[in-house]
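Here it is: the structure, laid out below.
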Amino acid sequence: MTRHRILGLGLLLVLALMPVLTDLAGQPAFLSLMTRILIYGMAAASLNFVLGFGGMVSFGHAAFFGIGGYVVGFLFFHQTEGTLFLGLIPGTSQLLITLPAAVLVSGLVAALIGTLALRTGGVQFIMITLAFAQMIFFFFVSLKTYGGEDGIIIRRANELPFLNMRDKATFYWVVLAITTLFFLGLRRVVNSSFGAVLDGLRQNERRMAALGVPAFRYKLYAFVLSGMGTGLAGALMANFLRFASPDMLHWTKSGELMVMVILGGVGTLFGPFLGAGAFMVLESVLSSWSEHWPLALGLILLVVVLGTKGGLMALVSRLGGRK
Amino acid sequence: MSVVLSVRGLRKRFGGLVATDDVTLDVAAGEIHALIGPNGAGKSTLVNQLSGELVADAGTIHLMEEDITGLSVAERVARGLGRTFQITSLLDDMTVMQNVGMALQAHEGGNFRIWDAVQKRRSVWERAKAILRDSLLTGREAALVADLSHGEKKQLELLMAMAMAPRIMLLDEPMAGLGHLESQAMIGQLEKLKAQTAILLIEHDMEAVFALADRVSVLVYGRIIAQGSVDEIRSNPAVREAYLGAEDELC
Amino acid sequence: MILFVEQVLNGLQYGVMLFLLAAGLTLIFGIMGVINLAHGSLYMIGAYAGTYVAAQTGSFWLGVPAALAAAALTGFAIEALVVRRLYARDHLDQVLATFGLILTFNQSIILLFGRQPLFTQLPAGLDGSVMLLPGLPYPTYRLLMIAVGLLVAVGLYFLINRTRIGMLVRAGATNREMVRALGVDIRLLYTLVFGLGALLAGLAGFMAAPILAVQVGMGEQILLATFVVVVIGGVGSIRGAFVAGILLGLVDTLLRAFLPSLLRQVMPGSEADALGIGIASMGIYLLMAIVLLVRPKGLFGATA
């Protein structure tokens, strides 16, 4: 436990110093890669919450990612236009408002999708989550006011009091702080009473029913929490890219989030972050090497799925000499 | 004696097969009501309807005079119905202690809390410890369920069901696959449990049934062909014909 | 009215295409319990192989065996090398491995054929129209597609209901353990079913080639609609795949054809078009939501 804590604090220190280190090394691009890794890490960890801890294979999480991004986009759009969203809600570019709004809206949509998708399970659940995500994708494509297929350009990142969010390093530190809080919160949820019940449901739903635990509402709750976390990541990503577009909800994005989870290790707390890192590094290395990098990625994925069990986290703990 | 569980005219078909055919029976407080019958008679199917996993085609089920026919599994459990599974069904990735803890936690409620620490729910873990201390699984608290022997799993099933403090327990062949000594121990336990909860006992082991049961129902092809005390069932010619006569076919 | 009939026929044509894909997919789900995202790739491979051979030989008809052979061979290869290892795995592994297959196939096609779409020339005799009703000419080729789709449906019906293999397939879709217990060579059955699914996907791909652009990504586009068909029809049900396929083909086509002009009655043109097309693209998913509310297991899914 203490060893974990020391490792964690050390890692946090290195991450906090990252802007300085990349500056010294003359590699500013690396800082933006790190920012994206942290953001995708949160999205992947949120997906892993239903997938690894809850045993629900959602193939539609890009929807929540995109919704989070679009909430930021909508609010920015209406602020610059000086109009009201749906004639009701004024725009804003305050991060302290846009982030909670993104989390809330993603959670609401997750509640809707979850209510329908959780009426079944297994293979149907996968297809239904995928289908609803696709529906939301088409929804955003059809919104001509907000750029349709092209999406919304967010000219300035959202503001935080006293901070210059245009500064790459400041933005990174804000993302790092949010990621740290997110991680601690996630750990808390996993170790809570609810987390234990969710773990039980993943292992044996029939047994849990015999203990008087109705699966549906617990799974729905987990699905909503997961959608909220993914929406948070999406909102940050829209701020980072200064752009929200249907690409964020493309079904391949859902696939990529799943790939991150399995690369890092399903059902582990830290794995998805490692997986996001591995995926982003892999992507940037492979794509600088050949435009046909998805071919290599596809083959790597096949090898990882068919050939290994447990992803990078298993590797880390094996190297660490445990188990 | 007050009736805890009352079943009237229960029916269930699987396609052309009538698995439960107009079953009527009562289980009273403080009694063990045994349900016997050859393999495939429909005993597990009946238990699954009583527990709510299967929906009956017709008939009613009352628990403490409340109609529970349309309730879900979880709702029935909340009203005091407990069960064990013929083929053990446990949380395999967890330890023995965690399994018992889960039963207690489920019974206690408050499980939508995402900000507490389950490890610190003292009432749960202290009771779990106490339950295990007085059980045959003492010393095995930290073992993973996946590593338990068959007999130990059957024990754990029973402990988890009892941890919920049910008014009635449906025990689906708790002795199946146990060795002679283990069976004897289980008989002793059930004898004691009787004081705490009514029991519907499904069992193949005649010795056990005749030792334990206050009342016996005989199920053949989904239909109850005889009901009565142990002595009445023993001497009933129809039962001997349909059931005991075919004893070598039993498993 | 004429326009409506024409669109209904278009819907029917899209519907049978969806059926050809969904039939294989639903059997693979139902019998093997495997979710195969690469089913769309087989459709794409059929389209490319058929189009390529047709262009090289100058004969459209030679494209048919080429498409079928390429899809079936790829199907057998996928089954033997990848899917067979996934039977015992959980759905997550199946999704990811077959997602890997999609990436691999798409890039391989780009390497072989480039990113430019391919087009297929229809043979003489099929490139014209038939006068169905006075004032209603309809493309001969599309009629042929509908006919082939219905023929395959009838053929599958006989295969499933009247043959020994069909009996095993039916048994397998409802009770996998049972078939295993009967001592049937389950491996062979799986390979055959997978091959059949691949064959139908390849056929659909090549049939669609002359009316669509043959390009990378075509497989995923139709795969997503096929999933909706399978969910609405009920996993494992061929009949469900047929009914839901036709239903979705019609709903999708009619919404796309008529919704924008209906909306134009109440709002300005460009917005009406955008919104109309948007809602039309969401139509099949909304339909799925409604079906799920009423029948969570689909129209013809096992109710137990």
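Here the chain labels run A, B and C in written order, and each chain numbers its own residues starting at 1.
By definition in this document, a contact is a pair of C-beta atoms (placed from the backbone, for glycine too) under 8 Å apart; a residue touches a chain by one contact, two chains touch by 3 or more.
Here the structure is a predicted model, which is why all the values come from computation and not from measurement.
If you tally contacting C-beta pairs for each pair of chains, A-C comes out on top. With centres computed from Cα atoms alone, the innermost chain of the structure is A. Averaged C-alpha coordinates put the centre of chain A at 32 Å from the centre of chain C.
Centroids of chain B and chain C (each the mean of its C-alpha atoms) stand 48 Å apart.
Taking each chain's centre as the mean of its C-alpha atoms, chain A lies 44 Å from chain B. The multi-chain contact residues of chain C, meaning those touching 2 or more other chains, do not exist; every residue touches at most one other chain.
If you check the complex, the residues on chain B that touch chain A are 51, 53, 72-75, 77-78, 82-83, 85, 89-94, 102-103, 105-107, 110-119, 121, 160-161, 164.
By the touch rule above, chain C contacts chain A in their complex via residues 29, 33, 35, 82, 85-86, 90-93, 95-97, 99-108, 110-111, 220, 224, 227-228, 230-231, 235, 270-271, 274-275, 277-279, 281-282, 285-286, 288-289, 292-293, 296-298. Chain A meets chain C in the complex at residues 51, 57, 59, 116-117, 119-120, 122-124, 126-128, 130-132, 134-135, 138-139, 141-144, 148, 251, 255, 258-259, 262, 266, 292, 294-295, 297-302, 304-306. By the touch rule above, chain A contacts chain B in their complex via residues 188-189, 191-197, 199-200, 203-204, 206-214, 218, 221, 225.
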